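Each of the next two complexes has chain A plus one more chain, namely chain B in the first and chain C in the second.
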Partner chain A sequence: MESIARLGAAPRIRTGGLLPALTSVRASAAYEFRMQARRRSLWLVMGLLGAYMVYVLSESHVAPGDTAAGQTASWTWLLQVLMPIAFGVLLADRFPRDRKLRVDELLETAPAPMESRLLGKYLGSCAATMLPILATFGIGLAYLIASGEDPAAVVGTAIPAFLLIDLPGLLFVGAFSVCCPLVVPVAVYQFLFVGYWFWGNLMPPEIMPTLRDTWLAPIGWQAGRGIFNLFPDTPGPAATAADAAISISILLLFAAAALVAAWLVLRFERARG
Partner chain B sequence: MTASRLSGGPVAAAPGTGNATGDGTGNATGDGPRHGTGDGTRHGTGEGPATLVDRPEAGRQRARLKLESSVLGIGAVVAPPLVLVSFLFVGFIARDPARLLTVALEAAVPLAVGLATASLLASEPALELQLATPGGFRPAALRRAGLLFGWAALLSLVTVLIGRAAGTFDSWPGPADPLRDLLMWLSPLSLFAAWGCVLGIALRSRGAAAALLTGFWIAGLALKDWFLAHDFARAWFPFMVTFSPDDPSLLANRLTVLALAAIGLAVAVVWLGRGEWLLGSEDR
Partner chain C sequence: MQIEVHGLTKTYRGGVHALDGVDLSISGGIHGLLGPNGAGKTTLMRILAGILRPSSGTAQVGEFDLTTESGRAGVKGSLGYLPQELGLYPDLSGREFLDYMALLKGLEHGRRRRVEDLLDVVGLRSDANRKLKGYSGGMKRRIGIAQALLNDPRLLIVDEPTVGLDPEERIRFRTLLAELAGDRTVILSTHIVEDVAQTSRQISVLDSGHVRFRGATRELIAAARGHVFSVHTYGPRPEGYLTVVSMIQHDATTEYRVVGAAAPDGGVDLEPGLEDAYVWLMRSGREAAAAA
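And then the complex of A and B:
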């Protein structure tokens, strides 16, 4: 009880109607955000990976000789190579943890409807897990500016690049990582997720059939190449802005589908008792 | 549930009459009469299968290993063979079984074992009971990690022997040297298993340990050029046979990786003795 009290007071929730539903989503998201953001392991793990990414940036310059905008977009894409792994793995224990600590049954008695709690859990925990990624992103941008790149071009490119290259993939990964452990053991999901990430996003198609050059790749390959003209010399089909738009839409659609599937699973479990 | 597993059957001391006493093996023994807790067949003191305490030493060791293997869970046991079969299947489809089998043995199976050991050590539901025994959690933890490692090692060894005999590896660069074949899987498997243990104990969070382990794994595969371009990283790069199979410093690399695994194991063994640290898990 003491630890719950430390999370602070929640907004008052009235059931029924759109506004009360939004309030319960906000309340649930706020709790989940604070719980995830206060995990020491989140900052430790993401901090180590982030430090490694900044080191790689400082040492190799992902797009040497490119413009400030090109370097910023390359840095945004480089983040998406490694950080979503930790992002997904750290989100995978959200539902199993509720079950393990037996708070899922307690939450069932709360006035907030199940779908609001599911959406709140997704949004809150994803937002909190994104904090260290944003911090790493910011440090990388600061490094680019400190190394002589035009600050206006760096900042001007950074926001759209993050929104179009990184965010759709992170929302996609977050949805599956929060929802899949409802039906798959966490360790199995983590292993399959990492295998999928390597095969579906990083494996060159010359070695084996892969999703890397398709609209389904959450690494931001289509957006990076189609909108920001990243890595033009990389072999494979060229991506256009339309490809990028379709890829982003599909990723968000899949994320929504994962949440709907999780809602159905939770409803089935509740009906079964 | 775990207590009943440890005692070799559903055995409970009667409230008010029995004492829970540790014997160093994780057994809960009672002075009072033993009551069955679910099957309705083990009432009285002399009926039903004997507990670990009642058995002779050899039988006790066997029963203990059997119990520990049941604690591992079906996922941890099935994962390594499933990974090997899947990679071999994809390898034949991609018409490159040598590459895929090498990746499976050097990267995929070690990751599966590393994740399993981290998970096992980060989240033990009966930790208080384990810590109450004279040996603490260390003997049980090492037995479980050892079982996982041994099972994966046996499978890897058999796969390499069959692969070499069938000529699957012949198309992969590098000499057909038995020591090289052995160290191809033994070094990374030991590294991931040992450091999976360390991360599970140190971070006390299954998610955090898995995130670091998988982050390192993906970094090794995705940023391989960075590892291979730097001498200090190249010396302990765990996926050398996959990405630089005919490297002249391969043997030194394999031995360095093995040495790092030994260091990790030593750290894990020492750290497992710190009971108060283990009790502060984030997952509890």
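And then the complex of A and C:
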């Protein structure tokens, strides 16, 4: 260790107000992204699942005989069948990890507002966990183009399809997976989440009551059917573009509500001291 | 930064009284905090760092009232904190971790320069790109010290800062603390009495949530005069009314440095050090409690 004479002038510090809060959101998001993106298990689990999804695509051509746009939208929806399960499971340890590593005590002494760190953690870790999904998505699109589909139609459909079918559900799952383990043990949450996913998204309503055909299903049924006209022959209630818009809005509202609830839990814990 | 604590109590859920009516007044310079495990030192420091809410009493750090949420939030802008159990993200490099903490502490302009300067100060510039999981205990401690200094804090709270440092690093760290104390308030909690002896003119001793002593180090040492002895024995170690501070094995005899109310047979009066004084304080306190 050397003398503090080496230190230059004291740095300028800004705490309180909107700009410092945004800086800490950005910092938390950037470093949570880095840490999650460096997880080997993320790439291993998502890689295996992604390989399986691409295999399914290559074997079945999700919507044989459909247009390039239809095939692209089908592929986008197919991703949403299983990959959000791994997405949710892999996000569930983000808060408990801070406690386990005992970093939370140090973070608590920083003047950055708690809500900024919460939002940054959510955005950064969700974005990183989405990377392998996006990579799988890209591989599938490349496969469709390599199979002779029109590249312009594929790419032109891919972006809105991902934003409307996959992203709202992922943000919904991400919010609950980051926040719920504040009050539920990680393993219990993961078990319940996987059960919920199969029951609430994949279970046919004929077998038992389910959320599958409702606005609350994050699997993207409403957007897929209402906007991209997917699965016209599949039994179940038809969905319109309005249904899709309502479903997306509800999913995003629920995600925001989960974040607000987590903020209240953290505030309560801090106040209880 | 002036710290005033009056009648401070902290009771955890389950009814554990970590602090019970603590009164302290701390001004600039290094203030040593001594006490056995479970004395309440870490709880006191966590309250002063704005992490914990006191159960009752008052705690004022500079202009910040730590019994209020806004006071606890406000003090963090002036605080450098090194916890006893330092948590780090293993997958970040030393440089990344400091940069992250700097951003959370509100450093904007001059942030990168500050990080590099502190890496130099703690001697980790050449290892700055290595992941923290590869750092030794001493290197992690040095990163902890660097993060505590990022915001040029007016109040520096360090809990067992020299654990894991080798003797040379410990000495260098003590020198660094002394330099920092020039225009800051530093609260140094440690089990290593030597660290306090070398750095602090004012100390507090906590025991079972109470302040057993507060004042100048020399006063505590003076109170132990006449209670520290050297004694050579051929037989078993002296016990009962004496506490052995150290022992040296000679060829035929054993030389003990002991603390007690009265000199043992053949005991030679010694000039006490801070360690002797601390042992005497704790022993006399236990004896007084037993007598009561």
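One rule holds in what follows: the second predicted complex is superposed on the first by the 260 of 273 C-alpha atoms of A that agree within 3 Å, B and C clash if a C-alpha of one lies under 4 Å from a C-alpha of the other, contacts with A are read in each partner's own complex, and residues count from 1 in each chain.
Please note the rule applied: a contact is a pair of C-beta atoms (placed from the backbone, for glycine too) under 8 Å apart; a residue touches a chain by one contact, two chains touch by 3 or more.
The structure displayed is predicted, hence computed values, not measured ones.
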Discussion item. Output check: A:117 vs chain B and chain C. Expected answer is one of first, second, both, neither. What do you get?
Written reply: second
Discussion item. Quick check on the superposed pair: does A:256 touch chain B, chain C, both, or neither? Answer first, second, both or neither.
Written reply: neither
Item to complete: Tell me which partner A:31 touches in the superposition: chain B (first), chain C (second), both or neither.
Response: second
Worksheet item: Given the touch rule stated above, what does A:163 touch, chain B (first), chain C (second), both, or neither?
Response: neither
Discussion item. Just checking: does A:109 make contact with chain B only, chain C only, both, or neither of them? Give me first, second, both or neither.
Written reply: second
Practice prompt. Have a look at where A:272 lands relative to chain B and chain C in the superposition and call it first, second, both or neither.
Written response: second
Discussion item. A:89 in the overlay: touching chain B, chain C, both, or neither? Say first, second, both or neither.
Written reply: first
Practice prompt. Tell me which partner A:142 touches in the superposition: chain B (first), chain C (second), both or neither.
Written response: neither
Worksheet entry | Doubly contacted residues of chain A, that is, touched by chain B and again by chain C | 39
Worksheet entry | Contact set on chain C toward chain A in their complex | 46, 49-54, 69, 73, 76-77, 79, 81, 83, 85-92, 96, 100-111, 113-114, 117-118, 120-123, 142, 145, 147, 149-152, 169, 172-173, 175-176, 179-180
Worksheet entry | Complex contact set, residues of chain A against chain B | 39-42, 44-46, 48-49, 52, 56, 59-60, 81-82, 85-86, 89-90, 92-93, 97, 100, 185-188, 190-191, 194-195, 197-198, 202, 207-209
Worksheet entry | Touching residues on chain A, where the partner in the complex is chain C | 1-16, 20, 23-24, 26-28, 31, 34-35, 38-39, 98, 101-112, 117, 270-273
Worksheet item: Can you list the residues on chain B that touch chain A in the complex?
Response: 73, 75-76, 79, 90, 93-94, 96, 99-100, 108, 111-112, 115-116, 119, 203, 205-208, 210-212, 214-215, 217-219, 221-223, 226, 282-283
